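Some structures are shown below for you to check.
In the two assemblies presented below, chain A is common to both, partnered first by chain B and then by chain C.
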Partner chain A sequence: MLELAIGIILGCCALGAGTAMIAGIGPGIGEGNAVAKACEAIGRQPESRSAVTTTMLMGCAVAETTGLYALVIAILLIFVAPGYLVNILMNTLGR
Partner chain B sequence: MTHNIKQPTDPRFALKDRLLLVGMALPLVTGMVLKALFVPPANGIEISGAHIFLTVKLPVLGDWPITETQVNSWLVMVTIFFFCRWLTHGLQPEGGTRRQHVAEWIVEQTDGLVQSNMGDYFKDFSPFIGAVLALSAFSSLISLLGLFPPTSDINVTAGWALLVFFLITYYKMKCGPLHYLKSFGEPVAFLAPLNVISEFATPVSMAFRHYGNILSGTVISVLMAAALQGLTQLLLGWLPGFLGEFPFFRIGLPAVLSVYFDLFSGCLQAFIFAMLTMLYVAGGFPEDDYKKKQAKKKIRNA
Partner chain C sequence: MILKNVDATVKRETLYIAAAVGVMSLLLQSVFLIAQRWDYTVLLGNLLSAAAVIVNFFFMGLTVQRSLDKDEKDAVTAVKFSQQIRLLMMFVVVALGAALPCFNLYAVIIPLFFPRIAVALRPKFGGQTGE
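Our next item is the complex of A and B:
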């Protein structure tokens, strides 16, 4: 039974990490839009290239934040959560 | 104007030059030696945090682990110190060496950046912003040498973000604590809880952004290295002896990724961290109210 319980914990942690990274869609679409608009702006006004690029990179970095939250959660789920949860299981079972 | 650029030929000058260069390279070599001696090599897909070199027992504070992060941070700081000394030693009012022009360019760029993003009131911020930029960029770029980048430890970036948070709050309080508290009730009073949350979200998001970007680069590099090793064993595993075990595909290919994840991402995140610091500090400062208050004070004193 214990193997099954640990297996469920590991599997669910992996599933959770994978599910958390669905959040990667958001920044992908958002940054794509930002870069597309920046390209349009540079095409219209090539002399404002450096200003547009700087602003775009800043915006991309801010838009990326949600994706990075998901990444941090996924990394915690893969590398930290299994050990923590298995410890809790062992403590409840008293071993 | 090339005729008045003359290289100093004083032997003491050249000696100092070399000593400073050694001072720049020595911390990095020390870091690599420390890593080779004490950090156990990772095998396969193994992503661990900073290695703990030793734990110091302190009377009140309890155990104090000395980690790779702290050691590498200090090594980076020493490197930057000697780098700055090397750039700026033997300055001349006219002409000057190539190094001097680089130093002048750096100072001018930082000044311009701060001036254009923060305005005149904050123009004394440029040394701080330059320090943040240099520390952050060098901390991330240290991974090019195979060392553990301090910025991929959340404690480091959280510390920086906390410092920035204190700065923001200090400049928001410039008009007095009452004005600061009132700013939470804007635009409508019942939004105050949301404003408090967004106040605390600023340092959290800054810390996570920097840490997450550098860490994701490390994770992807490790995964890529493991994948390339597996691919080599699959395709070239039939070669006899040593040749069969040698990971041929790991030569050169990870460098392409490294250009993005270590070089570009490291510099970009440093720039973004400095940029956000400037925008938040300058944006939180109630400049108009502060000027009004100063003017009122002047009238009262007169």
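Our next item is the complex of A and C:
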């Protein structure tokens, strides 16, 4: 029974980590769209290239943070949460 | 060799991010020292993570710079691909930081958000935002 409980904890943590990483797709799509629009803008006004690049870099850095949040949640679910949850389970069962 | 072809804007912004990450890393170390939780693992974790975020930003800059010379469809594909590869790189770095006992996990995770803070503070340090 205990093994089953630990297995469920580990499985749920792994599922949660995998689900969290879905958020890693979003920044790629967002950055791609932003760069496409930047290409269009530079095509219209080539002299604004430096300003557009700066804005793009800052925008991409902001967009990328979302993916990093997901990454951190996934890492915590894989490496930290199982230990804590199994400890809680053991304490509850008095082992 | 690689640096020769790098746009001046990318170099400038990467330097700004590197400087900001350096300052915030010093602050992080100070916080650990004040809290009396400092040991070598904090320093190693911070160095690993700070290096990873600076390299990540630099690669992102390179991708953006190269994408701007392509047509729209190719640019979108290149940026998406680059983002996935960089996310994978960050995953490997953070997983190493979490799995190896010589790195403090919190000192690995916290610096991942330093570039976001640096970007938010950019206008206060005279950064151009497109004008």
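By definition in this document, the second predicted complex is superposed on the first by the 95 of 95 C-alpha atoms of A that agree within 3 Å, B and C clash if a C-alpha of one lies under 4 Å from a C-alpha of the other, contacts with A are read in each partner's own complex, and residues count from 1 in each chain.
As a convention for this text, a contact is a pair of C-beta atoms (placed from the backbone, for glycine too) under 8 Å apart; a residue touches a chain by one contact, two chains touch by 3 or more.
As the structure is a prediction and not an experimental result, all values here were calculated from the model.
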In the overlay, work out which of chain B or chain C sits against more residues of chain A. C
Please indicate which partner A:72 is in contact with in the superposed arrangement: first for chain B, second for chain C, both, or neither. both
Tell me the contact category for A:52 with respect to chain B and chain C: first, second, both or neither. second
With the two structures laid over each other on chain A, which partner does A:64 touch: chain B (first), chain C (second), both, or neither? both
Indicate the residue numbers of chain A shared between its chain B interface and its chain C interface, in ascending order. 57-58, 61-62, 64-65, 68, 71-72, 75, 79
Could you list, by residue number, the parts of chain C that touch chain A in their complex? 7-10, 13, 17, 56-57, 60-61, 64-65, 67-68, 70-73, 75-77, 79-80, 83-84, 86-87, 90-91, 94-95, 98-99, 105, 109, 112-113, 115-116, 119, 122, 127-131
Show which residues of chain A lie in contact with chain C when the two form their complex. 24, 27-29, 31-33, 35-36, 38-40, 42, 49-58, 60-62, 64-65, 67-68, 71-72, 74-76, 78-80
Where on chain B does chain A make contact in their complex? 47, 205, 208-209, 211-213, 215-216, 219, 268-269, 271-272, 275-276
Mind pulling up the chain A residues that touch chain B in the complex? 57-58, 61-62, 64-65, 68-69, 71-72, 75, 79
